[in-house]
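Down below is the structure, laid out as structure tokens.
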Amino acid sequence: MDQSNFIPLFVIIPLAAAFLISLLGKFIKWFSDAAICVSSALLLWFSVYAEIALKSSAQGVLIYKVGGWVPPFGICMVLDGLTTLMLIIVNLVSFFVALYSLKYMEQYTDKTKFFTLFSLMVCGMNGVIITGDLFNLYVFLEIASIASYALVAFGTEAEELEASFKYAIMGSIAASFIFIGIAFLYGFTSTLNMADMARVLSLKSQTWVIPMVTVLFLMGFGFKAALVPFHAWLPDAHPSAPAPISAMLSGVLIKTLGVYALIRIFFNILGVTAAYLSILMLLGAVSMIVGVILALSQWDFKRLLAYHSISQIGYVVLGIGLGTPLGILGGLFHLFNHSIFKSLLFLNSGAVDYAAGTRDLKEMGGLAKVMPWTAKTSLIASMSISGVPPFNGFFSKLIIILACIQKGAIAYALCAVIGSILTLASFMKVQRYAFSGELKEKLKGIKEVPWVMRFSMVGLALVCVLGGVMLLPHLRFILDDAVGVLLQGRNYAAVVLDAALK
Amino acid sequence: MELHILLIFMIFSAIVAIEVKDLLSSVIAVGAVGFALCLAFLILKAPDLAITQLVVEILCLIILIRATINKDLPLVIEGRWVFNTVSTIAFVGVFLFFAWLALSELPRFGEPTMAVAKKYLEEGTSKTGAVNLVTAVILDFRAYDTLGEATILFTSVIGLMAILRRPGRSRRKKNDQ
Amino acid sequence: MTLIVKTITRLTVGLILLFGIYIILHGHLSPGGGFAGGVIVALSFVHLMLAFGKEVAAAKVSKNLTSNLESIGALMFLGVSLLGYLGGTFFLNVLNKGTPFKLMSAGTIILSNISIGIKVGVGLFAIFLALVVLEGAKKGK
Amino acid sequence: MILYILCLILFCVGLYGVLRKRNLIKIIVGLGIIEYSMNLFFVLLGYRFHGRAPIDAQDHAILNMVDPLPQALVLTSIVIGLGVTALLIAIAVRIYEKYGTFDITKINRLKG
């Protein structure tokens, strides 16, 4: 029990930060800045510490029983390989984004409300990741979603409000599908703990409950992850938000609420079969191609990035949908990489917006001369997302393509290669129009962004460059543990319940 | 039996709420659905929910009426209504058919399995000291959910304040100047 | 509003408020609890405002007070959850459970009910203020 | 069984309202109906024939109580619904202020 005592802190720290910021931020000028820095740094430290604690634990999984109630009677928190990977991703990105928004958000009024909502969103995502209870997952998913609806409309311009309304409606419908799915599962298994549910589901025979629930969850979490038939809200919502929030939404929110919840439920509770995996692969491949094709014709910097998010989520889902160890490894590694370079790209677009005041690629040009830091980091991120060696995106895409070939899915491998080439083309366009070439007359007077914003961009760029080291034998356990959690399938139940009863 | 009648009444009012042209009537019709739901909760032996639903419904109605009053009432012109109706009915049919298949495998109505809930009923009062077992569940066994619930309300209040504040930006973009 | 409405409001609003507080405090004994009671408390203030007009209300109640109280309520609930750490676990019901059917029983549940009641009452009242009174007052001009 | 189906029909009515109506307030109303139906669905799952409300009595033991767990969850869900509705109304009010209409065919600056 002692070993796992730190687990609730992933929720307590951002919650306390949010409440304190909203209480004291109005009276003390520097308080909200200080609180957000401290809380996100603490969260980052604890997510690294979680990895260490997990490594030193005997069973490879840590359980925290909230209120001392033994699962399935109370809610428990589960810390396993996949959880720690996701925690590191979320808290790493949110740390840099929080630093970035210290300066960026001065364009907007009422920074305390922004940081309160930001903190609540981080709290919701951390809660979704560490929970071991299905209804609790729904509750925290709603916290993160509601905070993100409000943050998308934070600028209160007409387009932002419209995008936020659309996003909120779509998100609420998705949540209602998830709720109905949970209701079906509760009616069938009469328990809400994910491990216990998996145990009951493997004991009771059924033919239609799991397919029905699968479809409901696929619609619900597919909306949240913006897989292609359900992607309509993303290209509006993500560009409309302030740049740091776009980075959070595209970088981690769609992955936590969508992909993580989807794969956790599919692999560990419902149990995967070849049919579900092929649905995932198909959705992934379609998202990959459709997203990138839609991105090609965009001239708005942030909209272009938003369409690429759809495409890159397709890679992640395709990789995981392969179901082989190599495929899942590639998918999860790409999930990590994409959250880094996509947040970096959105921060770059925010920096350009901050300095030059435009998001239209046609109005930019030659910015490399006046904004060298932004230009260089965005070059690194563009190379990463297009899969140019030796940046991190190259390795994960390579693994996914190899896994496709290994499984004999040559068509999917071809799709992945084509998607990658089109991505490269699209980002060549960005580099060509935004950063290289002649500096336009109108843009002569602009300056590089302040140093905090530069610091977060450089930090993320460093992670991009060094991302490949995660594949080295000493660090690979982070990914391998996560892959192991998904591959164990419904054994998750036995592992978690055993550890809980100790 | 009374539940069936209530549900049919709810469906009817819901259709009225969706289809009526006047916004105020629509809001009032949805209020009728909410109060019928409150009665249904009472019949289903959920007094906590009935109270909560009642008061929440009143608050929602006040806010909705005040938000919609004196606002414009656009004519609802539905294009492609044949296609829309057909596709909607097809979706509803498929959804209900598969839901029926799945529901027939669930425990029959009125006879839930209650694997976890049995323990709450047996030991709830002695372990938590609360006589109202719903309170025992929400504030002790699953208090962490309730923390999330309180946070959701907090989030939506802060979000609402953030959306209603004006002006939204303190610095105009450079090219607008 | 007319004199009749105002007089009746004066008579009933205290009762509604009391009923809300009763519901909050007896959450562990009878149906209701922090949330329902909080909404009733909020509704009693809403009632007052609707009867006496938004100009009076908008002038008297500051938005800061409500939002501060709400944060305090939320912090209180988090504090109750952290009280569990006294016994070693997040959200542990550490206080004496007492005898069932008494008002002072059920350990931390009553504290949680009170803090949720404050939070919900003030939060919903803040929603009402922001959405109906302040927006409506601006529109009316 | 018929109750479950009726409940899901209510869900579909709400879904129809959200997806097909052009007015922001109508969409919010449709979402409200969806929330009602899903709450009712969950409570129906916990009902027992001849059940009693899950509150202990002082003098005698009550057998055959209904399942308290769905009720606790639905309580949470009602609050979530209230939060989402309030936020949506706020957005709708601001949109009305900017565009002067609730009609979404006229609110289309974004391409989608």
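As written, the chain order gives the labels A, B, C and D, with residue 1 at the start of each chain.
The rule is simple: a residue touches a chain if its C-beta (ideal position, glycine included) is under 8 Å from a C-beta of that chain, and two chains touch if they have at least 3 such contacts.
Remember, it's a predicted structure, so these values are computed and weren't measured experimentally.
More C-beta pairs in contact connect the chains of B-C than those of the other pair, out of B-C and A-D.
Farthest from chain D, judged by the mean position of CA atoms in each chain, is A.
With each centre defined as the average position of its C-alpha atoms, the distance from chain B to chain C rounds to 21 Å. Inter-chain spacing, taken between the CA centroids of chain A and chain B, is 28 Å. Centre to centre, using the average C-alpha position, chain C and chain D are separated by 23 Å. Annotation for chain B: residues 47-48, 52, 56, 59, 63, 67, 99, 104, 106, 112, 114, 116-117, 120, 125, 131-132, 134, 136, 138, 140, 142-149, 151-157, 159-161, 163-164 touch two or more other chains. Residue positions 15, 19, 22, 66-67, 135, 139, 142, 146, 149-150, 153, 156-157, 161, 164, 187, 192 of chain A each touch two or more of the other chains.
Looking at chain C, one finds that residues 30-31, 35, 67, 71, 74, 78, 81, 90-91, 93, 100-101, 124, 127, 130-131, 135 touch two or more other chains. The touch graph of the protein chains shown is complete.
Residues of chain B touching chain C in their complex: 47-48, 50-52, 55-56, 58-59, 62-63, 66-67, 70, 125-126, 128-132, 134-136, 138-140, 143-144, 146-147, 149-151, 153-154, 156-157, 160-161, 164.
By the touch rule above, chain D contacts chain B in their complex via residues 1-10, 12-14, 16-17, 20-23, 25-26, 28-30, 32-33, 36, 39-40, 43-49, 51-56, 65-69, 71-76, 78-87, 89-94, 96, 100-103, 106. Listing the residues of chain D that touch chain A in their complex gives 11, 15, 18, 24, 27, 31, 34-35, 38, 41-42, 45, 69-70, 73, 76-77, 80, 83-84, 87-88, 91-92, 94-95, 98-99, 107, 109-110, 112.
On the chain B side of its complex with chain D, the touching residues are 3-4, 7-8, 10-11, 14-15, 17-18, 23, 26-27, 30, 33-34, 37, 40-41, 44-49, 52-53, 56, 59-60, 63-64, 67-68, 71-72, 74, 76-78, 84, 88, 91-92, 95-96, 99-100, 103-104, 106, 108-112, 114, 116-117, 120-121, 124-125, 131-134, 136-138, 142, 145-146, 148-149, 152-153, 155-157, 159-160, 163-164.
Of all residues in chain A, those touching chain C in their complex are 1, 8, 12, 15-16, 19-20, 22-23, 26, 64-68.
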